[in-house]
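First up is the structure itself, then whatever we jot down about it.
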Amino acid sequence: MSDGPIAAGENILVYADERATYLHVYRPGGRFECHHGAVDMPEALYWGDVLETMKGVPLAILRPSHAEVLTLLKRRTTVVYPKEAGRILLEMGVRSGGRYGEVGSGSGAMTSILAWMTGPEGRIYSRERVENHFDQACKNIERFGVSDRVDLELRDVARQGWGVDGLDAVFVDVPEPWSIVPAALDALDSGGIWVSLSPTVDQIVRTERALFQAGFARRTMLELFERKWKLFPGRTRPGDRMIGHTAFLLTARRVGDMGFVRREQTRRKRR
Amino acid sequence: MSDGPIAAGENILVYADERATYLHVYRPGGRFECHHGAVDMPEALYWGDVLETMKGVPLAILRPSHAEVLTLLKRRTTVVYPKEAGRILLEMGVRSGGRYGEVGSGSGAMTSILAWMTGPEGRIYSRERVENHFDQACKNIERFGVSDRVDLELRDVARQGWGVDGLDAVFVDVPEPWSIVPAALDALDSGGIWVSLSPTVDQIVRTERALFQAGFARRTMLELFERKWKLFPGRTRPGDRMIGHTAFLLTARRVGDMGFVRREQTRRKRR
Amino acid sequence: MSDGPIAAGENILVYADERATYLHVYRPGGRFECHHGAVDMPEALYWGDVLETMKGVPLAILRPSHAEVLTLLKRRTTVVYPKEAGRILLEMGVRSGGRYGEVGSGSGAMTSILAWMTGPEGRIYSRERVENHFDQACKNIERFGVSDRVDLELRDVARQGWGVDGLDAVFVDVPEPWSIVPAALDALDSGGIWVSLSPTVDQIVRTERALFQAGFARRTMLELFERKWKLFPGRTRPGDRMIGHTAFLLTARRVGDMGFVRREQTRRKRR
Amino acid sequence: MSDGPIAAGENILVYADERATYLHVYRPGGRFECHHGAVDMPEALYWGDVLETMKGVPLAILRPSHAEVLTLLKRRTTVVYPKEAGRILLEMGVRSGGRYGEVGSGSGAMTSILAWMTGPEGRIYSRERVENHFDQACKNIERFGVSDRVDLELRDVARQGWGVDGLDAVFVDVPEPWSIVPAALDALDSGGIWVSLSPTVDQIVRTERALFQAGFARRTMLELFERKWKLFPGRTRPGDRMIGHTAFLLTARRVGDMGFVRREQTRRKRR
């Protein structure tokens, strides 16, 4: 975003090749080490610079994309995969200046991406009830320089609610998403958007029931697949392996008019 | 984002059910019509309100998500599908305050989403060489209230370049993406991100070659699939139909150090 | 299989192009009509012959593959799709001379393919409880010339059993496959193979429970996707549309030793 | 197929659980060993029997399905996956008594399945030009007891042709399938079916061109995906991993009338 040197403390992607890609915090004069050898970080570093390790392997210094942050961030919890993350942002309709809820905070990776997108005028209300994860999220949010845009609380949303209202959308990534529905009903602005992520069909079915009963409309379940390809001249082909499954997405809209929601359901059944 | 009434001229989603969902511009006192009947728009309208048509069908008024804007916007050109759109934003690493390039502008839908995310501090440099599309994009960008954040030009990027530099990332959606590579090399900040979208394998192969020769690293091709599910109690099942293909995604990083890019290629080949 | 002329009454594929492909019974001197025009069938016809319609459109005469029989056979019931059919044959381990069970007979298409593969030494015990479908299956089995290899009965297997035993494998395609489990336990040879097909997750879950309780081991659920590609020089790309879902496959093995099956289940859970 | 004991020399599946499944040749009094411990094979063994290893782990004795033969057969070459194998049989229209060609023989697994399906009246003309693979295929075809139905030759089909004609269908699984087209044109009966398997897009494109030029009609490219599911009560979900790609399938029909084939191509282009 500027042509000046990279600031100390900034997150950089150190990239040798597909199998050797690292998310690193830049410290002028600090040392970076990987299996390709070590390199001392120069006093002035620019995006796109190529450094050479002591073993003679070149490393490119790149600004991490959101997809790379999700893939590379060290974490104690499972993470939202790029496959789903982009779609979640799209379904939430994330805008600069918006107010969004998240539960749980997990590694803080998704929290940070939301914060980068909503900017200094926006706010992310992220809740986590597991202390280990909370600490991890705190550190990462700090690391990514978005603490001022994130309201992070160690809080059990199912029992204590979100502690905020008028949210544009919420992102729910907990093992029992149905338990979050009442809190979301309170926290979401009228017409607000629910997006949740669950690995099993049973979780989705139970959450969808809870959303219906709470008057959420337009309940939609979808899943995404991603396949990488191999790009060698004259031998173009898909990659051998694929992730078979991470989670299903469930989206819904807070309407709160049960008459509307019941009639929507009736029309759906006719098909 | 506020609890007040919806402003005149704002974009609303008028939703009856999955098959009757409309993107509409709110005019107090104006009339909305669909096959479920007509309804007069009230003087004061709030997100989540439910109106009833003269045929007695209830319609919910919702804030459109980005996915809905992409799906519903009337357009003269092909559109970026939600399936890919979220991933594009994630790969571009879109942040509030960022500077991004787009070519072509198409319907202006993706331009608007980029602008909503980068906010008033950011800027989208969108270029379109087809006059019809340019006019369409102009109208939609105005409609979505983001004209002040978008620098939109009727311009042939392949011949005339982007007319700007220091961009964080570019999104390229034209039939001959390889022709845009030289302009992207000039316009992107060092370390900047290339994301392009092409329906055929041949386009991807040719663009990847052009990116390699221009010194772009980390060239990656992927494709995404999306499947909707049907959520009826006791009969949960995937939907019968799926989009088989829209386009492949190609991402790359401007490094510009040919020595680095050639050695990356050599390591790739060994696998 | 012979170079002689096609016999009267034989099934032929009349092929103009992908959108105009017909399964037809050859009658020398008979007339074939489609939207490309009519053609009189010659007295002597050979595989691979090209006839011309009165509108001047050439039609190739081909021996139908099993995939084409499944796709083109006129039917009153839903049909097994090629996507699953091949895998079913593979999982059943179909061999010339084998003895297989089927319920329901449906259109008789899958019955005929099983009969073509097991040959005159083998036998297919196909059961159907809906009279309409039974009549349809009868006609098609006769049409395909395999009546002598098929034991077809109008019979409710859930209530009356299969009426046969020592089967190598059974293929179950009914709305309530769990109701067939006791009959399959009796009809299958020890170690015999169960393959069933169900559109919803709930049907699979319930059937799997019934199979477990009846002592079936190696219960496996899978789904298959198929994508056609477009092959135009310089524009190779996947097709726009895909079938999103037809049915899940469930396979299992009759072991009957509950101790074994319970210990298998325990080992599975540990993962 | 019979209720009698398993014959010495017969292929059995020794099954403990999904991760411990073995294809084994039964020898009365012989010893079977795996990481669950050893077991001495009894003098009389029946399908579905459960044996116990010295470590107390029960093993079920099952008749291997074709899918299991493909997955478990030790091999020196890459193998046709179940994902594609069933569809290949379906597209070839394999029948008891039919005459089919195969190149290359590979491990002999697909050859044996073809031979099981065509029975003693049918014949498989399988060709392999690599001596190692030929030896391997010989052994496996013998092992599976189908030598009398298979005409196996160490032969370079591209140079020397198939050495047979009037085939119903051929299955081609070699790195340069386009080189086999002239031989297939000679070997196939008029109207006969070509099925080939290739991992890269480039191989498919080149083979399709060769087939077009040789007068093959109805050239169709497709790919298949398979996803296993996890079946635990209350936690039903797809498996985490999937095979991303093995190979594309290309099917075509020998017509030999270039006028027909060119007009088919023209109609295709219009779409």
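When the chains are written out, they are named A, B, C and D in that same order, and each has its own residue count from 1.
Assume contacts are C-beta pairs under 8 Å (C-beta built on N, C-alpha and C of every residue); 3 or more make two chains touch, one makes a residue touch a chain.
Just so you know, these numbers come straight off a predicted model, no measurement behind them.
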item	value
Set of chains adjacent to chain A and to chain B	none
Distance between the centres, which are taken as Cα means, of chain C and chain A, whole angstrom	44
CA centroid of chain C to CA centroid of chain D, Å	19
Shared interface positions of chain B, touching two or more other chains	201, 227-228, 236, 238
Pairwise chain contacts, counting only pairs that touch as defined	A-B, A-D, B-C, C-D
Chain D-touching residues of chain A, taken from the complex the two chains share	199-202, 227-228, 234-246
In the complex with chain A, residue positions of chain B that touch it	1-3, 15-18, 46-50, 57-58, 60-68, 70, 82-83, 85-99, 113, 116-122, 166, 168-169, 189-193, 201, 204-205, 208-209, 217-233, 236, 238, 248, 253-257, 259-260, 263-264, 267-269
